[in-house]
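Okay, here's the structure, questions in a sec.
Each chain carries a letter (A, B, C and D) given by its place in the written order, and its residues are counted from 1.
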Amino acid sequence: MKKLINKVDDVVVEQMQGMAAAHAGVKINLEPKYMYRSDSPISTKVAIVSGGGSGHEPMHCGFVGMGMLDGACPGEMFTSPTPDQMLECAKQVNGGPGVLFLVKNYTGDVMNFDMATEMLHEEGIAVQSILVDDDVAVKDSLYTAGRRGVGTTVLMEKIVGAAAEAGYNLDQCADLARKVNCSGRSMGMALTSCIVPAGGKPNFEIGDDEIEFGVGIHGEPGRKRMKHTTADEITSMLVSGILEDENYTRTVREWDRIKGDWEDKVITSDALKAGDEVIVMVNSLGGTPLSELYVVYKKLAEICEAKGIKIVEKLVGAYITSLEMQGCTITMVKADAEMKKFWNAPVNTPGLRWGI
Amino acid sequence: MMNVISQVSINEWLKEIAVVMRQNKDYLSQLDAAIGDADHGINMDRGFQKVLIKTETFADQDIGAMLKNTGMTLISSVGGASGPLYGKFFMQMGMALMGKMELNLEDLSTGISKGLDGVKGIGKASVGDKTMVDVWTPVVESLSESVNQKDTLEIASDKMVIAADKGLKSTINMIARKGRASYLGERSIGHQDPGATSSCFIVNILQGIIVGKK
Amino acid sequence: MKKLINKVDDVVVEQMQGMAAAHAGVKINLEPKYMYRSDSPISTKVAIVSGGGSGHEPMHCGFVGMGMLDGACPGEMFTSPTPDQMLECAKQVNGGPGVLFLVKNYTGDVMNFDMATEMLHEEGIAVQSILVDDDVAVKDSLYTAGRRGVGTTVLMEKIVGAAAEAGYNLDQCADLARKVNCSGRSMGMALTSCIVPAGGKPNFEIGDDEIEFGVGIHGEPGRKRMKHTTADEITSMLVSGILEDENYTRTVREWDRIKGDWEDKVITSDALKAGDEVIVMVNSLGGTPLSELYVVYKKLAEICEAKGIKIVEKLVGAYITSLEMQGCTITMVKADAEMKKFWNAPVNTPGLRWGI
Amino acid sequence: MMNVISQVSINEWLKEIAVVMRQNKDYLSQLDAAIGDADHGINMDRGFQKVLIKTETFADQDIGAMLKNTGMTLISSVGGASGPLYGKFFMQMGMALMGKMELNLEDLSTGISKGLDGVKGIGKASVGDKTMVDVWTPVVESLSESVNQKDTLEIASDKMVIAADKGLKSTINMIARKGRASYLGERSIGHQDPGATSSCFIVNILQGIIVGKK
C-alpha cells in the first residue's frame, strides 16, 4: 500500500486538520470528530448536516461552507460516523431553526443517524432526517437494504444548502431534499479497487481486463463483473441503467417531530423521460483523471441529445470518491425551476465554489 | 466450572473479546471484503479496543452497568452497521441485567434474548437474512431450551456454542437480504457472514469462560 | 491498460469535445487542435495563450475562460503541440493588443513555441513569449535543458490572465508573467507511474515500496528513487527542496518585437526567506485523492509557520497532472500585492472558478 | 547500385522511413522510457505516417520541394522535441537541394550537412550531448571525407552507415546535456539515445536504397 499518509490510525484526523488549515471557512472538532462552518451557528437559517464514512472526499467535509452544509461528520474510512458525532455537530451548528440530516441509505448510516435524530429530539431540538437512495445498480428494496445513496447526495447538499441559506424553514428544506432524492438517479463502475488504509490490501480483486459494473462507492460489488470495454460503451450502459429505470417506489422512515417517533412514508422516483431537464454529474471515483471524465461526458451529452433529455447544468470532476479507486459514476437529477435556482446560487466550500 | 457467572467473568469475557477481535481483525475484514466493504474486523477491533480500556473503569460495576457501558462505548466508537447493532445488543442485555453481580443460566438466557431484541429492533433482520441474527437466534433458542431442561450452565453453554456454530454455517448458503451484502443478491451465496462470524466468536469466548478453558 | 477511453488515437480530441460540450464558455477547433474562449477575440485585452502536451488536465484547456487563458493548444499525450496549432489559436484569440505565450520550459515546447512566435511576428501580430522554469528538482541549467515548467504555470496563468482582463498591455503582461516565474518554485514526487494510452504500458517501473522523488510531470526521473515513507517526511523533503533552493540565475530567450529576433535575458529567482508571503499549491498528479493532499497540506502549513513564511492563498487539488499517476507536487510562489490582487480576481474556467 | 540518387529514390526513402518507424515504434518508445517520456516512437510514427500520405502528393516534385514538404509535415504533426528537430533537418536539407531531380554524392553531402545545421540551429546541441547530433555529425564528416576522396556513392554510403552506427553507440556512455534526458544527469549513462537511434535508422534506410538492398 503506497499512500500519502502518516499513521494509519491518524488518516481521518489529519485530513480534517489539513482541510481546516487550508480553508478559513471551516473549523473542526476532534472529540468527537466533525467539521463545521466557521460562522456557525447562524440564527437565521436551518442547519444542514450530513456525514458518512471517510474516503469519499471532498464529500462531505469538503462541502461545508456558505451555501451548502453547516456541518459534516466523517466516520472512519468507509464506516458510518457515530451518533455522538452527529449529535455534537448538530448542536454546534443549530442556530435555532432546527437541523436537517441528509443521510445516505446504508444500513450503518441510517442506524447511526436514526439514533442521533432521536437523541437530538430528546434534547428539544427540531430535527428532520432525509434519505438519499439513488443508486439504480440496486434493483429492489424488498430483498435488499434498498438503493444506496451515491451521487445525488452532492446535488442535494448543494441545492438544499442554498435553500436553507435563502431562508427555507425545516419542513421546506426537508421537502426539497426529498424532492431532489426522488428526482435523482446514479450508476457507477470501477476499473480498479481501492485500498482502505487500515486494511492495507485492495478491497476486491479485479482482473486486468475486467470492470465492475454498478459498483458502490465503497467498492461494493455491483450488477456484474464484465470485460473492460470502450468509454462509449460503458457510458451507454451507465446511462441506460439510469434512463431505463422505471418508477421506483419504496417505503422510507422519516421523523415525526410532533409524535416524536418514526413514520413510514411511501415515496416514488418517477422515471426520466424525453423533455425532462436534468442536472448531471460525471464523477471520478478518485483515481480516474479529469480527462477521462470528459470522454464520458461527451458520450453522455450525445445520448441525452438523442433521447430528448436536456442537460441544463453539469458537474465534471471528483466529488464523491472511493479513495484512489479508478472508475466513474454518472448522476442525473431531473430539475425544476426551484432546483435550478438553488443549484446556481453562490456556494463557497473547499470542494465546490462559484458565484462568490 | 461454575454454577453462576461472576461479575469478574463478564469483565473477563469483554477483555477476551477484545483480544480475539484483534487476532481476527484481518480474517473478519477478509470475510467482509467478499460481500461487503472489508472493514468488519477493523470496526470490531476499534470498538473492543475502546471497551478494553473501559474494562478497567467498569471493574467495580454490576454486570448490567458494565454491559450497558460496553454497548454505549461500541455505539460511540464503531460506527457502521455493527456499531449500533452490537451497541444495542450489549445495551439491552445490560439493561435486562441491571444490578446483578452474578448471572445464573436464566439470567444469561434473558440477557442474550433481550440483546437479540435490541439487534432486531434496530436492524429489522429475520433469521435467514444472512446476518448476526442467524447466530443469536439459535443461541437464544438453545439457552431457553436449556433453562426448560434445567441444564447446568456448563452443558447449556456447550449446547449454545453448537447452536451458534450451526447458525453461523447456515449463513454460508443464504442470500443476503440485509446490510451491505444484500446488494450482491445471488452473488452473496457461498460466503460466510462476517457479523455472524464475530457473533460466533463472542459466544465461543463466553463458553470458554464458563467452562474454564482459557 | 484500463482507461475510460475509446480509440487510443482519439483520446485528445474526445476530451476536448467533452470539455466543450460541458462548458459553454469554451469552444474548440480541431484542425489544428486548440481551445478558445467562446467570447474571443476580445478587442480590449491582450490574449493569453498557453499549451503543452496533453495528459496534464485540467491544465491547459481547462484554464481557458474569463480571467485566465484566451486559448490553449493541447499536444498529443505528453508531447508539445505544434507551431501551426499555436499560430492558428493565437490568430483566433488576438483581439488587437497582441498575444502572450506562456511556455513551460521543455525542449519540445520551447522549440515549437519559438517557431510559432516567429511566424506570428511575420504575420504582423504583436507577440511575446515567457518561460516557466520552476522545478527545483533540476539543479542547474548549464548541464541540462534547464528547470522544467511545472506548478507555477497554473498560478501564472491565473495571475496574468486576470491582469490581461484588467487591461494590462502586452509588455505589462509579459513583465508580470516573468515576475511570477521568478517568484515560483515547485517540487514533486510520484508513488506510481502512469500509462500513456498510445504506449499502453507504465512509463516507468517502480517498486511497491519505492517512490520517485523530484519526478517531472511526464514521469521523468527525478532526483532519486527512494523507499516510500510517511507523508510528513515526504512533505518535509519537498518543502526543503523549495525553501533551501538558493538564488537561481539562468539565461532565457525572449522575443524582441522591435528587432524581430530573440534576445538573451539573464533572470534570477530569489531564494524564499522568512517573512515572505506565498501562494501555495498542493497538487495531485492525478491518481492521488484529495484527502491525501490535505495530509500534505497540514504538514506544509506547519513547516511554513515554523519557518516564518506566511501562506496567504492556497490551492489544494488536481490542477497539473500526469494522467492517472499517484503522487503530489508542491508549488510556492512568493506573492506581492499585485500578484495577490490578480490571484483573487474572478475567474471562470472549467478547471478553476471563483468570484463569479 | 546507382551513381546518382533519383527523385524516385528519395520518395522511396521517405516511404521506407515510415515503414521502419512503425516497426520500431515500441522499440524507440522503450528507449525513450528509460531516459525520457516514452513517446519517441509514437512521435516518429505519427509524423512519418503523415509524410507517407504526402509522398503521393509529392510524387512529381523535385527533391528539394519534397524534403521541404516533409519537414513542414513533421513540424505540423509531430510536436515534442523531435518535431521541430527533424522538421528543420528535412526543411533545411530540402532548401539546399531545391530544384534538383537527382543527387550526386556532393549534393547529398551538402544536403545532410545543411540539415544538421538546422538541427543545431534550433536545438543548440553539440557532439557529446547525447542527441541525434551525435549521429548526424559523423555522418556529415564521413560524407564530406568521401567527397574529398571521390568515393563512389555506394562506398560513401557504406562509410556513412558505419559512422552513424559508431555515433549511435557513442551515445550510450554519454551523460545527456540536452533534451529531457538531461534531467537524469549521471543516471542517463548506459542508455542509448532514442533520437540518435531513429536518426541511425534514417541513415541506414538511405544506404539500403543507394546500394539497392531492400
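Please note the rule applied: a contact is a pair of C-beta atoms (placed from the backbone, for glycine too) under 8 Å apart; a residue touches a chain by one contact, two chains touch by 3 or more.
Keep in mind that this is a model prediction, so the values were computed, not measured.
Peer 1: Spell out the chains that contact chain A while also contacting chain D.
Peer 2: C
Peer 1: Where the CA atoms of chain B average out and where those of chain D average out, how many Å apart are those spots?
Peer 2: Distance between chain centres: 76 Å.
Peer 1: Determine the centre-to-centre distance between chain A and chain B, using the mean Cα coordinates as centres, and give it in whole Å.
Peer 2: Centre-to-centre distance between chain A and chain B: 32 Å.
Peer 1: If you average the CA atoms of chain B and of chain C, how far apart do the two points sit, in angstrom?
Peer 2: Chain centres of chain B and chain C, defined by C-alpha means, are spaced 57 Å apart.
Peer 1: If every chain is a node and each touching pair gets an edge, what shape is that graph: line, ring, star, complete or other?
Peer 2: line
Peer 1: Strictly by the criterion at the top, what is the full list of touching chain pairs?
Peer 2: Chain pairs that touch: A-B, A-C, C-D.
Peer 1: Contact residues on chain D for chain C in the complex?
Peer 2: Where chain D meets chain C, its residues are 29, 33, 35-39, 42-43, 46, 75-85, 122-123, 175, 177-180, 182-185, 187.
Peer 1: Spell out the residues on chain C that touch chain D in their complex, using ranges where they run on.
Peer 2: Residues of chain C touching chain D: 32, 53, 75-84, 106-108, 111-112, 114-115, 137-138, 143-145, 148, 196, 198-199, 203-204, 216, 218-222.
Peer 1: Show me the residue ranges of chain A that touch chain C in the complex, using the header's touch definition.
Peer 2: 2-7, 11, 14-19, 21-22, 54-55, 57-58, 62, 191-192, 208-209, 211, 228, 230-232, 234, 282, 286-298, 301, 314, 316, 318, 321, 323-324, 326, 328, 348, 350-351, 353-356
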